[in-house]
Every structure is written in structure tokens, then in C-alpha cells.
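Each of the two complexes below includes chain A, the first together with chain B, the second together with chain C.
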Partner chain A sequence: MTTLTLKLQPKAPLEGEAITPDNFLGKPAAAIAGLPAMHGNEPALLGDFFQVDGDGSEEIVLVGDLRRVKSIAAGMTRGTVIIQGDAGMHLGAGMRGGEIKVYGNAGDWTGAELAGGKIYIRGNAGHGLGGAYRGSRRGMNRGLIIVDGNAGNEVGAVMRRGVIAVAGNAGDFTGAFMIAGSLIVFGQMGIRAGAGLLRGSIVSLKPAELLPTYRYACTCRPDFLNLIYQKLKREGMSIPDGCATGAYKRYSGDFNRSGKGEILIYDQR
Partner chain B sequence: MQFDNVVCAFCGCDCDDISVTVENGRITQARNACVLGKTWFLSHSAPAHLPVARIEGKTASLEQGIEAAARYLAQSRYPLIYGLSSTSCEAQRKSVELAEVLGGCIDCCTSVCHGPSGMALQGVGEPTCTLGEVKNRADLVIYWGSNPAESHPRHMTRYAVTPKGMFVPEGRKGRTVVLVDVRRTPSARTADIFLQIRPGKDFEALWALQALANGRELDKAGAAEIGLTLEQLNDLADRMMHCKFGVLFVGQGLTQTRGKHFNTSAAFLLVRALNRHAKFALMPMRGHGNVAGVDNVLAWQTGYPFGVNFSMGYPRFNPGEYTVVDVLSRGEADAALIVASDPAASLPGKAARRLAEIPTITLDAHESETTKIAKVAFATATAGIHAEGTVYRMDNIPIRLRKVLPSNYPSDEEVLSLLLARVKELKAC
Partner chain C sequence: MPCYINGVEILDTYAEAFGMWGSRVIITAVNRKWAHEAAAKMTGFATSVIACRCEGGIEADLEQTPDGRPGVSVLLFAPTKDLLQHQLIDRIGQCVLTCATTACFNGLPSEEQMSVGGQLRFFGDTFQSSKLIDRRRYWRIPVMEGEFLVEDKFGVQRAVAGGNILILGSSATVALEAAELAVEAMRRTHGIILPFPGGIVRSGSKVGSRYKFLKASTNDPFCPSLRGLVSSSLPEEVNSVYEIVIDGLDIGAVEQATRVGIYAACIPGIRRIAAGNYGGNLGKFKIHLHKVLEEGTPA
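Our next item is the complex of A and B:
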């Protein structure tokens, strides 16, 4: 296990792309402390800001208020990153494998364009969770993101594959222009959920205001949801009673695109 | 002395038919200009009494000002360059180079006006045209979330509504004008049809129109939610699909309300869908005289139109991360260079307060809230009155500005060139 404890709060954003198990593997603590990290426009070293202890294994533990540290574990392909504190923007963006656990809040674009692996956030997530960068054709493409708290706007925007589960509320434009995949919100979704949805499923346990381009199709008990809930439970998420076996109202849309997508709203009767 | 065909660089219309009369070293008349243009010409040509440079409020020479400003910027870890929408493209180019040398963020007024249109453009593409095409062809003109009668007073009379065009020989009579807004504005007087939608329902309205253009049917409840009747929506969609050449001008009612870039994306997608039925185009109603120019300059030099960061030595783009409000309100910027803009008066409180905490350097023709809190304030010549330069009209047409008055002040470009040279020396590059 390698432990990085924040000893000096960065004054400007610190680019933390170097903090990945792939980079740390097999390196002694001194070599890890010598890895580069841009501090604003100044070249710096990880050791300038972090106390590094450990042996360069596949497991990294980060301790401290890391809201100014961006792109932690971005692009990682293996291993585990555990964050005891809040994480900055782009946490695990473009990640391809491994696991990230945050015992705190995560910033905007967490898991953006994720291509594999798991992210578990115990606190809240920012905007663009599992989403796409501006101008990108695809957001998250495989993988799993779980948030115990709330998430911001544009959760799973232009998502292509994978699962996002938010235990709290989600902001506006949840699953906007989503291509495929599954997005589950236990709390309240903001306005305009599923705008431009091509395929895929958006599930909400609370009533939602839908766009005029959605049509009520039927009330059903989809089997796939039960499987997803079982998987989420195994990952440590607590699932509200009754939702695994209950009925859902299915709305198809978005008819401004193919109309092959669906928003499933838990029928609380 | 009279100068004809002078360009008014106040708003995005950049009208180039102004006749300016100069008497005793100041402009006394600006014929053809609108009320905003007249005020701009007359007030900006008034004798200024500001020193060329002030350091912490005390008069200094230009050289002393450059030295102080260069040192503040060169020492900064996360400098921000902002404004640029009311200066020339030449000054904008120098600003981009300065941002690159400094390794900082560069953002322009686009990020608080039509930045969301730029983001929509990247996401879905922009079906657009020039104002010349609008004048000569458009038989259906729609303003959405815009009040041109007050914000762009000559837009309707010079480009879009009243002029006679090649294929619209009757001028005003040959065009149908529609205004969509959340309140009745003075522009409604000119419109044939005024549609008042509920606040915050622009996306739903545009989305519903797109559904109609795609051949879908809507229910009455959906229309009522928007604040219109189904007949009104069907009528508008019908007019849009059966015009010869339609144009949709979108204003900040779309870009700066809830939904922002998704609102403009919905407008762009609607216009794309309409092109299956009729020739249709869209144009953002750009506000400042050269705000379209700074998008162009930034795009051709960095690849991105606003919110660009050079910390890593190469340009990165991410609205929400490198844009002015975010960089300031998160307390990341540790120095700011403000060119021809007044963010201390216009940005949210937290962002404006940050400007007062850090070394802020301003280039402006007159005193503003931002120059009052600036550590170093340069007084500069106004592009289009005291200095030449290039501006881009709202339809991305470049127009050359003329110099009609001499000035004791250097232009923005000259100050930025001196600043750039000194910063390069300090950074040893």
C-alpha cells in the first residue's frame, strides 16, 4: 500500500495525473515523490505537496482535502485508489480498469469518458458525472459509478455503455443525449431528464417531470433492474425496499431521436 | 471635418455606414448611428483626463506601469486574461500570445454571454448564414430570447426586417417577423407575431417545435406547459417549414437561463430539422462590437473559442473549469489582466471580490469599477475612434475600423505588445 498524505495545500490547481497505480507500481516512495505534477504553470513534484509512504504496490491511499488536485487516477487501468477526503475535478476520467473509492465528495467530470473499472463515491459528486467533455461524441463507455449522495447536472451525458447509480438526487439534464447504458437515480431527478436520449434506460424512484417528446408506454416489472440492484447491493450500495420487485411506468422517447430509449419511473402505488 | 462610412464598434451589428463629424478635436455628430452608437461615438471621443498609467491609484509613466504589470503577471502561477470583446483583433492576438507565454487562462466575454452557443456548436454543428443573406433572402425572421429594439437598435432596420433585398423586393412587407420571449419587450411592436412563453420553458418550446418539424404530434398538455396553445405551436412550426428562407436569431434569453448550452443545442437541432423542409439558418445575437472577433482569434490560434488554459504549455478547453467566473470564484486565479471590460461590475459577487484580492491590471479607455480596484490601470485609445483595427460582425464577417481622431493614449495593442516583450524578458523566453 502506498499512502500519500497532503502536507501542503496547493495555491493553484495541481495536476494529479501522475497519481495512478500504473505509475506507482514497483516504485519506492522516493521515486513516487519525484514524479512530476504541474502546480498552475510551475513544474513541481508530488513530494512537494504529499508525504509519501509505502512500497509502490497497486493500492494507493490519499489523505487530505484534495479539492485542488485535478485528474487523480485519470486513465488508470488497474489497482485501487482510496481517497480519505474530497477529490478535485476529473477524478478517474478516462479510466479503463481498477477501482476508486472516495470517502468524501468528488468534483466535476468525475469518471468522465470512463472506459472501464469502478468508482464509488460516498459523498456527493459534481456536474458531468460519467459524462463527456465538450465536443466529445461519447461519454462513459463501460464501467460502474456509484454515488451515495447527490450528483450535479448532466449525469451520464452522451453515455454509451455502463451503469451509473445515484442514491440521492441528480441535477438537470440527467442522461442528456445518452446513447445507451443504464442510469439509476433513487432520489429526485432535475428537469429535462433524458433530453435527446437515443437508447438506454433512465430509472427514477421518484416522480419526474418529462419532456413533451416522451410517451407513456406501459407499466412493467423489468427483470434487468432486479439484476442491476443485486449487483449494486454486492458493491455495498443500500437499495430501498420494494424497488427491486415493484412496478415501473415505462415512458418511451426521446421521439426527437429514435424513440428507442426509456425512462422507468417507480410506481409507488 | 466629416468622415463617411465609419464603423460603429459598439455592438455586434458593427454598422459601417456612419458619417462622423469632427469639430475641435472631438466628435460632435454621428449620422446614421442608433442611440447606442451615438452615445458611444460622442462619449468616447470626449477629452479624457486619466493618466496613461496608474499604479495603486498613483500616476505613473507608461514604462513604470508596464514594469509593474509585467512583474505581477510573471510571478503569477495561475494568471487570468479576460475581457477582449471591445478591442481589436490585433490586441486580441497579443493577448493570446501573452496567455501562452504566461501559462495562464484566457477567457472573453463570450463565456458570460454566448459561450453556450459555442458549446452547442461543438456538440451539434451550426447551420448559419451572413446578415447579407438575411437581408436578401429571409422571408421569415424569428427573434428568440432577444430584444433587438433595445440591444441592437439597427439590427432590424439595416439587416433583418425593413431593408429591401434581392429576393425580398418588398422589404418589410415581404417578411414575417416573430418574437418569442418570456415578456413583452419593445421589440414586440415590430413583430407580426409575439409568442410569450413561460419563463424557463425555452428548451421545451424548441424541443416541441423540433418534434413538429420531425412530423410528430404533440398533446395539448405539453403545449400548455410551455405557456402556448397547441394551435400557436403548430402555426409557428408550419410557418417555419413552409418559408423560403428562415432565420432564427437567438439571444441571451436562451444562453443565460437554466439549461444554457442545451437551450442553444435545441435551437441548433430545430434549425437542422427544419432544413429538411425549407432553407433555414441560425445566428447568435452577439452583444459587444468584437466579441465574435475574439472567438475567431482564439479559435484560429488555440483551436477553442473561449475558456482556454495554457498551464501545461498547450491549449486546453473546458467551460466550467477555465472560464472567468469559475477560475475567480474558486479562488484559483492569482493575477488578472482585464482588457476593455468591467468584470468587477458585471460578474457575480464572489468572482468580483476575488479581483479585488489579487493584483488586477486593466486596459480601458475610461474609468470603471474594475479600474478602481486595479493595482495597475492603463488608459488606452478606443479602437474605432482613436485607433485602427479589425472587428468581426456577429455573422463572423471581418470589418476594418477607422481612426477618426488622434489620441495621446497608446492603443490596447501597443500596451499589450510592450507588456508581452517585458514578460518574455522576465520569463527568459
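Our next item is the complex of A and C:
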């Protein structure tokens, strides 16, 4: 296990993309401390801001208020990153494998364009969770993101595959322009959920105001949801009673596009 | 060396079993009743490859299933992978897809996989959709009831079919009682099925016939009513014989089922336990009864 303890709070954003198990593997603590990290527009070293202890294994533990440390574990392909505190923007963006656990909040663009692996956030997440960067053709493409708290706007925007589960509320444009995949919000969704949805499933456990380009289909119990709930349970997420066996109102849409997507609203009756 | 269990002679012979391809299908439903309905239909007319093209049966009730609902596991065996794939598609398509509330999953983690749900999806007539969860694809096929969920690919592996024991009793009543006890014990073995009705065969067959058009015919040396007419394999005091056929995902499971079946069948009134073979020329596997008993305990 390699432990990085924040010893100096960066004054400007610190680019933490060097902090991945792939980069740390096999390196002694001194070599890890010597890895480059841009501090604002000035070159710096990880060791300038972190106390590094450990042996360069596949497990990394980060301790401290890391809200100004960006792109932690971005692009990682294996191993585990545990963050004891809050994490900055772009956490795990583009990661392809491994696991990230955040025992705090995570900033905007967490898991953006994720291509594999798991991110579990015990607190809240910012905007663009699992989403696509501006101009990108697709967002998250495989993998799993779980948020125990709330998430910001554009959760799962242009998502292609994978599962995002938010235990709390999600902001506006949840699942906007989703291509496929599954997005579950146990709390309240903001306005314009599923705008431009091509295919895929958005599930809400609370009533939601839908765009007029959605049409009511039926009230049903989709079996695939059980698979997802079972998976989330295995990952340690608590699933509210009744939602695995309960009924859902199915709305097809967005008819501005193919109409082959769906929003499932838990039937509270 | 003669071998006896509870005074019942175990003949020093062997069962001749064949290589097949096997798969495991998990069927879930809103309750166990509907899971069993689908499983029973799916494994109907699947006693012997001689005429059914495949052999199948219910392996077990499941406590844990992929979707958390009540479920059963079914094993299906066929001589080739292609035949097995066709049988899976036909039987799941006609018996599980059509059955109320069911969903269908692969139960065999195997490197070799074949497309099943990936073929059944076309029933959705372009309205089907899929979910990729933990690297496994599931097809959602819209149906009048709601939606049928079926896994894209099913695992397949080399398997063993045709393991068997013959229970020779002094009467039909006691032979049936012993066979039922054996079936009850054998069904606790993981990875096997007993494909015949109630797990028991009353009409074991031999290869070939006096009729040239027939591939298999009655096993006359073991028919009590033909004693005196043919070269009988039955001692004087035997008046009824039942066979239990065992198909398994591996030879170890078939041997274990053989072992527990023999022990369970040795009750008063049973004269001998034997096994069916074809002189060792046809089957890949020989399950020697004495060796099986020496190698393990009935538990």
C-alpha cells in the first residue's frame, strides 16, 4: 500500500494525473515523490505537496482535503485508489479498470468518459458525473459509478454503456443525450431528465416531471432492474425496500430522437 | 472380490458412458411454481438422444439467482455443440420465453460459449434492447405480458451422459421403492440430472434390434418375462429391474451419483446392483461399480 498524505495545500489546482496504481507500481516512495505534477502553470513534484509512504503497490491511499487536486487516478487501468477526504475535479476520468473509493465528496467531471472499473463516492458528486466532455461523442462507456449522496447536473450525459447509481438527488439534464446504459436515481431528478435520450434506461425512485417528448407506455416490473439492484447490493449500496419488486411507470422517449429509450418512474402506490 | 452392501451383491461390472456437450440454464420466475413450470416444459421429451436429440432435466432448486427471484437450474446435454445450441434456442424459445414471469440465465461459467439469447432476440422484431452488466449481455424482448429477459450467451462444456445402475429386485414393488430411494439420494449431487421420468427407466435398451430399421430395442437379457427364451442375465429370484441413467457435467459428478445411488438402493428385497454396458466398445467412459465404491463414501 502506498499512502499519500497532503502536507501542503496547493494554492492553485494541482494536476494529479500521475497518481495512479499504474504509475506507482514497483516504485519506491522516493521515486513516487519525484513524479511530476503541474501546480497551476508551474512544474512541481508530488513530493512538494504529499508525504509519500509505502512500497509502490497496486493500492493507493490518499489522505487530506484534495479538492484542489485534479484528475486523480485519471486513466487508471488497475488497482485501488482510496481517498480519505474530498477529491477534486476529473477524478477517475477516462479510467479503464480498477476501483476508486472516496470517503468524502468528489468534484465535477468525476468518472467522465469512464471506460471501465468502479468508482464509489460516499459523499456527493459534482456536475458531469460519468458524462462526456464538451465536444465528445460519448461519455461513460462501461463500468460502474455509485454515489451515496447527491450529484450535480448532466449526470451520465451522452453515456454509452455501464451503470450509474445515485442514492440522493440528481441535477438537471440527468442522462441527457444518453446513447445507452442504465442510470438510477433514488432521489429526485432535476428538470429535463433524458433530454435527447437515444436508447438506455433512466430510473427514478421519485416522481419526475418529464419532457413532452416522452410518452407513457405501461406500468411494469422490468426484470433487468433486479440484476442491477443485485449488483448494487453486492457493491455495498443499500437498496430501498420494495423497489426491486415494485412496479414502474414506463415512458418511452425521447421522441425527438428514436424514442427507443425509456424513463422508469417507481410507482409509489 | 465379491462386494455386498446390506446383503445386496454389487456386480463387478461397469457402466459405459458417453461424451456429450452440456450446459446449465437458470430459470427464474415470480415464484417457484412458475420457474418449475418452465423448467418442466423445457426438459420435456428430453430423456434420451436416441429419439429426443438431447437429454435434460432439472438439476436443483436455487436459493441464489442472478435476479434474486426464485429459480431452478436445468442441465441439457447433446452429442454436439451445434445440436446443443439448437436445442437451447428451441426449448428456451418455446418453453421459457412463453412461460409467465420467467427470465433465463446462463448457469455455466465456461470459456466456450454459444449464442442463445442473441438468437432469441429476433423475436423482438427490432424492438428488443440489451443491457451489458458485469460483462454479460442480457436481451430484453418485449412480449405481451411485459418483457422477457434472457442472457446473450450460454456456456458449454464437455460432459458425460449415460452413466447408469441397474437395480434387480425380487418384485416390481421393492425394485421401485429402491429406485425411488436411489433417485432421492442421487438428486442431491451437484452437476447431474436423471433424465428419465421420475429419474427411473423401466425399459432399458440394447443397441440394435432384430428389426433392421431400429437403432435400439428392449434389453432382453434383463427382461424377467423373457427368462427361458433368451440368454438371461437375471438370477431366478429377480422379477423386476429398474435402471437409473445419470448425465453429468463431469465424470466425478456421475461417479458420485452412482455411489450414493448404489448405497441408497441396497434395501431388503433387492438382489443385485448391476450396470449397463456395450462391451466397452462404444462409450468413452467406464464407471466400474466396485472402483466407485472403493473411492468414496456415500455422503
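We adopt the following convention: the second predicted complex is superposed on the first by the 269 of 269 C-alpha atoms of A that agree within 3 Å, B and C clash if a C-alpha of one lies under 4 Å from a C-alpha of the other, contacts with A are read in each partner's own complex, and residues count from 1 in each chain.
Here, a contact is a pair of C-beta atoms (placed from the backbone, for glycine too) under 8 Å apart; a residue touches a chain by one contact, two chains touch by 3 or more.
Small disclaimer: the values here were computed from a predicted structure and weren't measured.
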_Based on the shared chain A superposition, would you classify chain B and chain C as clashing or fitting together?_
fit
*After lining up the shared chain so the two structures overlap, which partner does A:182 touch, if you call chain B first and chain C second: first, second, both or neither?*
second
*Touching partner for A:227 - first (chain B), second (chain C), both, neither*: second
_Superposition-derived angle with apex at the Cα centre of chain A and sides reaching chain B and chain C, degrees in steps of 10_ = 140
*Does the superposition put A:244 against chain B (first), chain C (second), both, or neither?*
second
*For A:66, select first, second, both or neither according to whether it touches chain B, chain C, the two together, or no partner.*
neither
*Just chain B (first), just chain C (second), both, or neither: which does A:213 touch?*
first
*asked:* For A:4, using the defined touch cut-off, is the partner it touches chain B, chain C, both, or neither? Pick first, second, both or neither.
replied: neither
_Can you report the least C-alpha distance between chain B and chain C in the superposed arrangement, rounded to whole Å?_
20
*Could you give the residue numbers on chain A that contact chain B in one complex and chain C in the other?*
none
*chain A partner contacts - residues on chain C that touch it in the complex*: 28, 66-69, 103, 129, 131-134, 138, 140, 146-147, 149
*Which of the residues in chain A end up touching chain C in this complex?*
142, 161-163, 182, 199, 201, 218, 220-224, 226-231, 244, 260
*Which of the residues in chain A end up touching chain B in this complex?*
11-13, 15, 38-42, 68, 89, 108-109, 127-128, 133-135, 172-173, 176-177, 191-192, 195-196, 211-213, 255-256
*Quick one: in the complex, what on chain B touches chain A?*
76-79, 102-104, 119, 122-123, 203-204, 207-208, 210-211, 214, 216, 218-219, 222-223, 225-226, 258-259, 262, 265-266, 269, 273, 310-312, 317-321, 332, 334
